[in-house]
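Both complexes below contain chain A, partnered by chain B and then by chain C.
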Partner chain A sequence: MIRAELTKLRTVRGWLFGLTAAVVLFVGSALLVAAGSHMSCGDQACPAPPVGPDGQAVEDHFGFAHRTLAGDGSLTAHVRDFSGIITYPPPRHDQIVEGLVPWAKAGLVIKDGTRPGSPYAAVMLTGSHGVRMQHDYVHDRAGGPTGARWLRLTRTGASVTAYASLDGKTWTTVGTVEMSGPAEIGFLIASPGDITVTENGLGGTSVQSRFTQASAVFDQITSTAGGEWRYDEVGGGGPGADWEKYHRPAGLEASAGRLTLTGSGDLAPVSGMAAVPYLAGTVPALLAVLIVAVLFITSEFRRGLIRTTLLASPARGHVLAAKAAVIGGVTFTVVLVAVVAARAWSTTVFRANGNIVLPTGALTDLRLAVGTAALLAVTAVLAYGLGVLLRRGLPAILLAVLLTVVPYLLATTSLLPPGAGEWLLRVTPAAGFAVQQTFPAYGHVLLPYTPAQGYFPLAPLAGLAIAAAWALGLLVLAVLRFRRADV
Partner chain B sequence: MTDAAAALRAEWTKARTVPDLPLAILLALVGTTSVNVLTGQPSAGLQLGQAVIAVAGVQILAGEYSTGLIHPTMLAFPTRWPALLAKAVLLIPGAAVTAIGNRPRDAVYLGLIALLGLGTAALIRNAVTAAGVVLTVLFVLPTMVRWMPDPDWATFLYRASPSPGHLATTAAWTAAALLLGTITLLTRRVS
Partner chain C sequence: MEATIEVSGLSKRYGSTVALDRMTFRVTPGQVTGFVGPNGAGKSTTMRILVGLDRADAGTAKVGDRSYHELVRPMTTVGTLLDAAAIHPARTGRNHLLWLAQSQRIPAGRVDELLEEVGLAGAARRRGGGYSLGMRQRLGVAAALLGDPPILILDEPFNGLDPAGFVWMRDLLRRRAEQGRAVLVASHLMGELQDLAGHVVVVAGGRVVADAPTRDMRDRYGSLESAYLELVR
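For the complex of A and B:
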């Protein structure tokens, strides 16, 4: 039965053409977008961001006053003052104001040297998220009493423990992480850019980041590590903002048991940079696939071929299931080939244009490739199910597009308020697009995690499951109806 | 001109007696209005309505190709264009009705979209493929805007996609589809 259906799919010229078109659209769109992406930093190639211990591209830029920590040891300090400036914040973007962004950081850190991207463990006071313990860029936890201004970091053997306190006498543990080897211990200051989202006039949104600076005064310092406090701007060396040139440079001032540290930057996974756009052709390819899937069944009804098919194999449920398996399986295979080709080809073009290829991890790459193939296969089965139910091609293709492409379009553009858009991506079959989210959303990095920026409200597999449930539900309905219907 | 009048009458009879067009208009009207009320965004409902209207525009002609009705139609009007003209004349008010409650320019937009569907159907003939092509132009081009890395490309693509905000662009798409569709209709064998 499956062989018969495969033969039909293979020999009808229009369907073969449709599947080929899907591949061409997928690969072509990826190439087109990659070819249009250019990046240049003066005359030379742009520096790639450092890679953190967990394999992500990271931002590692902060002010660091440090001493060498040979073995075990601890550092305790009181944050006397924590303040900063934000340049040109909303709504009018016309003045520089005093204040801290929510994830401005001042605190204590143990770091494996000053090389950007090296492992670290830190306890810090933040602009508006209280005391946090963070390590290796992607891990973050809250802790300590509310309003604590005393911080302590100790290393015993291979474990680093962070404490916070209200008065410097009773201490609360914030967390413990593993970290061994020689290290530098000291103070950190960081202040990420102020993020604002504006509609870009093209039905989408654009994200802007504006310079901020934080400044912290540490006193009542107790350190087991000896020597001078040496200052480094980790990951620095850029031209510097106007504010740093004309008002307050980044740096360290030491006086009578006090350290004043001023700086900008962040210790966090890289955000706001695009991955290789090899999935750009998903929606065009999806439309070609939908057409083939609908025609795969409705033309049997139109031409009466369905009677022959049912004469040959009278078990109607089996016939429908075999056809669903064929259209799903063929779509999966074809799209998988398209994704692999698009990825290889567009990565070359993307890199040749001077763009930075961010590491995504083998598991993520696998999920994106197999997930995209599965998404299109599931959607093809859904369209096929609609075709069985409605028997006519036009209403089926219309409904298929209204259920999948239109919710995706509405949610990823500014046509709907963000809340309504995310709701669409939870309940409609377009939820399956969640499988294409490349980077996870981090709670400790302030960004607009919206569908327009490539972030989905559901986890990848959960989204795909919603789409699969739709397809399966429609297929079951179709089988139930088709069993009793006249052909 | 009697040909045109007769064609219009024939098409009116078909439109009245086959449920496709009235059903599509009803569906588009109900869909558009309910989405508008639900979201409070007049442009959101229009996205739904335009899909239905575009497909109705395809169906009014491509449906004849799939049932074979096209043969008597073309026998009755051997010059062929009166039939196409009559369908266009019937579609425009049908589409415009859908935009009740929206801005007047949205009615013009939906009329253009219906004709885009009609022109594409004349060009491609297969109903599902024609509908797929029209829906691609309506929905896939706008989703590609966000992938465009270069702002100039993105702006170009945005301006080149039909949308209620760009009536001139939409009219250009419609004119191109109708021109190619009419040439095909006049020159190619019916089947």
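For the complex of A and C:
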């Protein structure tokens, strides 16, 4: 029965054309967007961000006062003062104010040298998230008593343990991570840019990041590592902001057991950089697939061919399931080919335009490819189910578009308030688009994690499951209704 | 399995309209059985119920001692021609038969054999949308014969055929009957049936009004046409 349905699908030229069009649209859109993306840094290639120990592109830019730590050891200090400035914050963006951004960081760190992207473990005071232990850019946990200003970092063997304290006497463990090898131990200061989102007219948003600077005074320092405190601006070397030139430069001041560290930057996964846009053709390809999937069944009703089909296979549930399997399976295969082609081709174009290709990881790449194929396959089955229920092509196509493409577009173009958009992406079949989220949302990186920026309210597989539940539900409904009907 | 069709006490209503009212008759192998009656008498409904497309409110309809939906590879038991226009216009005649053959696990070679037999070999690779009514009819017959079934159920098989087509269809049906198959032919063409059918079932208002050998009808009423006009009045 599957074979017969496959033959049916491939022997109508319009449907082959539709499926080919889906591939062409998918690959073509990816190429078009890639070709339209340019990046340049003066007259040389833009430097690629460093890659962290876990494989992500990372930002590794902070002020570092350090000594060499051979073997075991510990560092204890009191954060006497932690303050900073934010340039031109909302609402009026017209003055420089005192204050710390939520994820400004001042604390202690053990790091495998000063090479950007190298492993580290740190305990820190943050602008408004209390004491945190973070390591290797993507890992973050809260801990310690509320209001703690005392920090301690110790290394024993291969583990680094962070502590926090209110009084320097009673210590609470914040966390322990594994880290061995030669290391530098010392103080860190970092202050990420102040992120603001501006709506620019119909359906678009732009994200801006403005310069901030933090400054911390450490005293009551106890260190097992000896020597001078050497200062490095890890990952620095840019021209520097006007504030740094005319008001307060980044750097280290040491006096009478007291260290004052001033700087900007962050230790975090790279944010706000686009991945290769090879999934840009999803919606156009989806439209082509939807039309074929609907016509695959409604044409049988229109011509009375469904009766011939049922004469050949009287088990109606089986017939509908076989057709669903064929349209879903063929869509999956065709889209998988399209994704692979689009990825290879558009990456070349993207890179040739000077863009930086961020590493995404093999598992993510696999999820994006297979997930996108599954998303379109599931949506095709959903459209087909609507075709069985409505028996007429145009209404079924319109309803399928209304259930899948329309919510997605509404949510991702900020035509709706973010709350409503996210709600749509939770309950409608468009939830399946969650499978296309390239980068995870990090709790310790402040960004607008909205659908417009490519972040979805549901986890990839959860979103796909919602779409699949819709498809399955409609299919079951269609089978139940069709099983008892006269045709 | 005995090649018979058995309709027993079949009733069906569409809203307040009675389509079938305890329709009962039997089709035996070895002869063509004519199925005649005015439009709306219930011929097509009976045929659709026989092959499982419609559901009866009461009664049973069996082909070869079974109901249609119990058949495995049903087209190898029952060949059906209900609506020859039911093809996808973009699909070629050969591909139409090909998917049907695949659904019954019939080798593709049989498709070409049949296209030859029904005289469509030359048009086999043309899109069905371009077929004349007669060609569609031939394609529909080919589909019915695909599984070499012992039972044939044909609704107006002469529709759209040219005079040569009439002769061809007549021979084809007669030959199948002589091979010991059960052949049920619904038609308004009394002249054709008079020569072709060994037995006639006359229906009106959803019930059987006469069920007799054609010869008896002719002897009694003079011709099948007179019999029909007399019986359904």
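Assume the second predicted complex is superposed on the first by the 486 of 487 C-alpha atoms of A that agree within 3 Å, B and C clash if a C-alpha of one lies under 4 Å from a C-alpha of the other, contacts with A are read in each partner's own complex, and residues count from 1 in each chain.
In the analysis below, contacts are C-beta pairs under 8 Å (C-beta built on N, C-alpha and C of every residue); 3 or more make two chains touch, one makes a residue touch a chain.
Remember, it's a predicted structure, so these values are computed and weren't measured experimentally.
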Handout entry: Residue contacts on chain A - larger count, chain B or chain C
Key = B
Problem - Partner chain in contact with A:Ala4 - chain B first, chain C second, else both or neither - result: second
Practice task
Have a look at where A:Pro314 lands relative to chain B and chain C in the superposition and call it first, second, both or neither.
Solution key: second
Exercise for the section: Identify the partner contact of A:Cys46: answer first if only chain B is touched, second if only chain C is, both if each is, neither if none is. Expected result: neither
Exercise for the section: In the overlay, answer first, second, both or neither for which of chain B and chain C A:Ala274 touches. Expected result: first
Exercise for the section: Quick one: classify A:Ala70 as touching chain B (first), chain C (second), both or neither. Expected result: neither
Practice task
Using the superposition on chain A described above, determine whether A:Ala352 touches chain B (first), chain C (second), both, or neither.
Solution key: neither
Practice task
Would you check which partner chain A:Gly14 touches, where first means chain B only, second means chain C only, and both and neither mean what they say?
Solution key: both
Problem - Contacts of A:Asp486 with chain B and chain C, given as first, second, both or neither - result: second
Practice task
Would you sort A:Leu366 into first (chain B), second (chain C), both or neither based on which partner it touches?
Solution key: neither
Practice task
Please identify the positions on chain A that touch both chain B and chain C, taking each partner from its own complex.
Solution key: 14
Exercise for the section: Please give the residue numbers of chain C that touch chain A in the complex, ascending. Expected result: 48, 51-55, 68-69, 71, 74-75, 80, 82-83, 85-92, 95, 98-100, 102-104, 143
Handout entry: Complex contact set, residues of chain B against chain A
Key = 39, 41, 43-44, 47-48, 51-52, 55, 58-59, 62-63, 66, 126-129, 131-132, 135-136, 139-140, 142-150, 153-155, 158, 163
Exercise for the section: Could you pull out which chain A residues touch chain B in their complex? Expected result: 14, 29, 33, 36-38, 202-204, 274, 277, 280, 283-284, 287-288, 290-291, 294-295, 298, 302, 393-398, 401-402, 405-406, 408-410, 412-413, 415-417, 420, 452
Exercise for the section: Going by the contact rule at the top, pick out the chain A residues touching chain C in the complex. Expected result: 1, 3-5, 7-8, 11-14, 299-300, 303-305, 307-308, 310-315, 484, 486-487
